[in-house]
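Below you'll find the structures, each written out as structure tokens.
Here come two complexes built around chain A, the first alongside chain B, the second alongside chain C.
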Partner chain A sequence: MTAVLDFTMGESAAALRGRLRRMVAEFFPDDFLGAFTDDPADLALTQRFSRLLADEGLLTVAWPREFGGSDGSVWEQTVVREEMWAYHEPRGPQYMGLNWVGPAIMAYGTAEQKAEHLPRIATGETIWCQGFSEPGSGSDLASLQTRAVRTGDHWEITGQKIWTSYAGMADWCVLAARTGDKDSGRRGISLFLIPMDRPGITVRPLRAMLGPHHLNECFFDSVVATDAEVLGEVGTGWSVMKTALAHERVGIARYARCERLLWLLRDVLRHEWDDLDEGVRNEWSGALVQVRVARLLAYRAVERQEGNEMVDLEASQARIASTTCDQQVAEVVSQLLGPRSLLGAAAGAPAHGAFEDHWRYAQAATVASGTIEIQREIVSRELLGRQAVR
Partner chain B sequence: MRIALPEAALDFGRVADDVLRAAGGVDLARAAESDPRAAARAQECLAGIGMYDIDPRGCLEDAVAAAELCRVAGGHAVPYPVAAMLLRTSDATPFALVDARQPIIDHALTAGTWTAATLTGELFEAEPDAPVDSKVAPFAMTVRLRPVAGGTASVLDRRLGLLFGAWHLLGFGQRALQLAIEHTRVREQFGHPLSNFQVIRHTLADLSVGLEGLDLLCRFSLWSAFTDGSPSLADALSVRLEAQRVVKHTLRMAQQFHGASGFADEYDISVLVRHAQPGLRLPTDRGATLALLRTAIDEYGFDGPFHAGGVR
Partner chain C sequence: MTGERSSFRQVVRQVLADSWPPLAEYASGVLPPNAERLRKVSDELGWWELEDEDGGFAFASIAIQELGGALGPGELLQGLCVNPVIAGSADPRRVACSWGDSGPGGFSGEVSWCLAPGDDVERVLVFAEQTGEPVAALVRSQGAGARLEPMTGSDPTRRFWRLVMDGVPPGEPEILARGDEAALLMSEVEQRVSVGLALDSLGIARSALALTVAYAKIREQFGAPIGSFQAVKHRCVDMFVLVETADVLVEAAVTALASGAPLGPSGVASIAMAKAASCDAAAEVTRLALQTHGGIGYTWEHPCHLLLRRAKLNQALGRNPRSLRRAVAGRLVADALTGGQETTPLRGERK
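Let's look at the complex of A and B:
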């Protein structure tokens, strides 16, 4: 008999959570804050951990068996997303390949593209970046101007991408370029799978509050691409990108790191907790409620996805809650830490700088992978177009 | 994981909604301010759809039906203490949570004697004393409390009192958002419907996020009320806190979007804003709820079922 309501994820998902936590605890030092630091050893560590996950069959839990995955349930996939984000994404830059580049190649790629790319993503061997945003095309992504021109039997791609995460370390790029005329909008965009060492590509890192490696500019100067490197049909890039961005919206389990950090803070401040301002301690409790709300909204989007229902509205609502929760938690944590919130890791920051790191990342939460304003547009269009159906 | 409400509960909610709408919807609440027969009509409607057959303490299935009825009743500002009667302690003795220092009960005249409890479990008999005489609480009365010797309100009763109150507020909030959407779609200023203005669209989007989140938290905490064996009220208090935050803001913004009409009682939003106030403020205001929540989390934690399988 089906339960009236049930908020447990099942035994296999719970066991997976425990297993992942043990692996992270055994593999990473306490001061690990992700791959994107000044110390190249951190990136190398995430690469080794990704291979370990691959060896254990855990890197591609979400993938179908035919492509080297484990056919994991959506709740097992959710557990992986939560645990990885909670512990500063110990898969490092593998996140992008696993979460959407691989699935996009499965859905739209040729047999040759699948054979070339999927095994290497599944084993954590290659790093991917995503060439979408341009200086003139942020939220208005469909206005992108990077051109792919047909020249003989190949394409020549010229243009500039910006805010490209991991570009400096990536082996491959999913590059969005205009193959239609300049006014072709969404219908004139195609995606190319391009190796980053191809002649004509220049990467320039951008100094940013997120730390090194995160933001880059990429210049494409008559970069050659073949027909075999087009993902999907020419001119269908927009629909692939839309699918990719839908994955992104429910892909990052920000609430998981928020919750871990709130409790970590409580532990760090345990000797002075009762003497801290009562109002701020109350807000700490309120922040835990917002974290739970963000979690439940994400679960609802996952449940709808599981039922193959349209999830535009739910995914955007989940993302709005998750990103604003990230910033609320960052603020509560800063208030509880007081001046100590300004200390960086080298200056003896609490929890090796995890809170300072989170505050910086949280500022970008409402911009990265689609601004909160775009999410609000999606939600309001649904609301005004139809009354919510319960 | 099962987040969606069962079809039977949704059906029950739809039937209740149809019946209450046919009886006048918010007009019943409007009428009840001057005519006690409106409350009696509301009671007849609720009895007709089987409200008195629900045993919300008995099992989660019945509790879900009861909660859904509270939500639907909130959407019409039904002038009857639905949650209190669902949790009645005898045929004619409704149950309400109170602040023992300033005991006030909404719709207190429904019964001559009430069972009242504080959030810490002190148990009382309560008798209506005097109307609070306020436009924002037209049916609320101060009550006289008599302690019940040796009596303690059960954890489940206190959880359900908080939860049904939150579901009731959810109904107010959902209806307010619906009214705001309808109004901003048709009301034109500067040659455009209000909903063409981005600041309005984006506010509507944020309100919907708040209400959807509250809806899910309501479901989660109702499930938790029957599955969490500890004496913690943290989950139930968290829903009350979120209901106070979200519904108060939703009502405020929905009223704002109605312009001056929002304060005229011929518009439903004005009635909803006023009649929601007792539920928003009794038995605890947001600050008191938050302080109680922190104490409960200090004592019992707030993990939920989401961390099974390993240490944090």
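Let's look at the complex of A and C:
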């Protein structure tokens, strides 16, 4: 199936969408806004839903059968991504494992690592987190200082990670640590697959604008790791991370929720819509076009990722489009709904608070998993060539 | 008066330092912070009666702006900015009014986004149509057929209320004004709300700019302070320009209001410009502040996201920027056609 300039992706995709929507509607209450709320029942529901998806062969639809997948196409996977994100990610914290940890283990893992981890991701049993950012290494990720020191026949890892999504509930972590010397930059980084219950790991939740149960700080104090837990070769962590981040950047189908919210906005406005002046309605249409541009750019990046081509440019371009359309839609909503768009769910907000939730998340969209400045930097390297960062 | 105003600004800052949590510690306690002490001190210092003096609003405006920059209590915003124009038999310090853009309704339904000068609200100012003419009335907030509910939203720094009216007896509301007088009071309150939001937002924008500039100087990535990279450096300058643009327009609006004379069309237009520019500027400056801070800006303890939440709500409250700009455009065109002579009044201004 080709995706070029095709918003619907044909009949089979439509059938899949319908099936997923029915499953979500049956499983989740109307006011579900994601797994990371103050009510632990929300998280539990997403865990059960992930297992149901796995039973139906939809959790890892595009993975090969030998790893627990359904041998489906990447476009089926795209439909799943879109529908899941549009309905507030009912897979909860599964996204990291499905979207890139699994594929990275497939590409770089040993036979033992594949056998241990892939089936459990495919059944929705394990939650993964990603230990990349550090307090001193955000945009300048390659300067990370968490150290993995060779001690006898194993490694001892010490350092601090921050902004770690799901760390408090995760079973496993892909941890980036420096195995080279202090100034080894991107050549001295290795990745480790570490169980989160290993001695020496402390997780502290970070209360944030995104809600109380999303982000964390992780402290690693002489945490032991074996050679068998290194993903890829020692010292090649950076290139795995780059691939991972390119997947992460197109992995969230933000445009899908944007599209849903724009139509929801029309439903909420009902008769008021007809009284809006043309300028305001044009803003709405402009946002809808931008949402669809973001979708097509994401398809282009996915297509090239499938062909195993270098996709830094496409991934970053798609990421810029999808994060800025998140913000554009938030703006249009606030223009059309006024202060109602900022009402919390408890105060009788329209759409159970989905608009307010979207506005808050959209603010972080151009910061998380690589700031928009870094995305621009990546695109500029292709356009202008690599120059000293300034 | 410039010297007196800048000394007053120092006094306000000192009071805030003594009686209100600094931004850096703001979010570590309950939100919004307890305003009792600040209310008491500001009362003792005579801030609540500033407008009894000539040009008093020029001073009140300084307090309102500084309070905005400190994420001050909604109580003082209401008390210093709007309550001076509300008369009636009730203690004006116990009267709340809407900061939304609800327009005249009736004595049934809801009046949203009310700010109150304290927790002990007795009455809510309601604009309504009664027997074909506009009326301004005070409705008892816990009287027959009415109740006051808290409203929660994106901005946890102020407490908003919603008056829900469901069968208020016809004789119950205390009518403050009818007809032209009621329309006049309504436009007066609308102007006050616009200026109040503009001042609050200007304070917010200044604080967000100051935090961002300080952070850009100390946060290092790629071996240098992030403020040395053009992407960040130029953004800081854009933020500064937005703040200064808002500042001159807000100052013009304050001057118009502080003169005490009835507002002419240009005064009304200057208030509209100030509200639109300052609230838009603050929403954008705080958004860019969060972007520049990165993840730390949206952690709960950091004031960045709180400044952004409050600025965003200010932008949505009151009359929306689009309708304000349309009114301003109308005024400017009318001025151009008449060679700058003030002519017909615009909607909602004094005749």
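Here is the rule we use: the second predicted complex is superposed on the first by the 368 of 390 C-alpha atoms of A that agree within 3 Å, B and C clash if a C-alpha of one lies under 4 Å from a C-alpha of the other, contacts with A are read in each partner's own complex, and residues count from 1 in each chain.
Following the convention adopted for this analysis, a residue touches a chain if its C-beta (ideal position, glycine included) is under 8 Å from a C-beta of that chain, and two chains touch if they have at least 3 such contacts.
These numbers come from a predicted model, not from an experiment.
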Chain B versus chain C as contact partner of A:Arg376, first or second or both or neither: both
Chain A: partner with more touched residues, chain B or chain C: B
First, second, both or neither for A:Asp227, with chain B first and chain C second: neither
Which of chain B and chain C A:Leu384 touches, first, second, both or neither: first
Contacts of A:Ile320 with chain B and chain C, given as first, second, both or neither: first
Contacts of A:Trp263 with chain B and chain C, given as first, second, both or neither: first
Touched partner set for A:Leu296, first chain B, second chain C, both or neither: first
Partner chain in contact with A:Ala347 - chain B first, chain C second, else both or neither: second
Overlap of chain C and chain B interfaces on chain A (superposed complexes): 373, 376, 390
Residue ranges of chain A in contact with chain B within the complex: 2-10, 13-22, 75, 260, 263, 278, 281-286, 288-289, 292-297, 299-300, 303, 317, 320-321, 373, 375-377, 379-380, 383-384, 387-388, 390
Chain A partner contacts - residues on chain B that touch it in the complex: 1-6, 9-10, 13, 60-61, 64, 178, 181, 185, 195, 201-202, 204-206, 208-209, 212-214, 216-217, 219-220, 222-224, 238, 241-242, 287, 290-291, 293-294, 297, 302, 304-312
Parts of chain A lying in touch with chain C, wherever the complex brings them together: 133, 136-140, 143, 162-163, 206-210, 215, 277, 279-280, 334-335, 338-339, 341-344, 346-347, 349, 356, 359-360, 363-364, 366-368, 371-373, 376, 389-390
Residue ranges of chain C in contact with chain A within the complex: 100-101, 112-113, 151-155, 162, 220-222, 226, 228-232, 287, 290-291, 294-295, 297-301, 305, 308-309, 312-313, 315-317, 320, 322
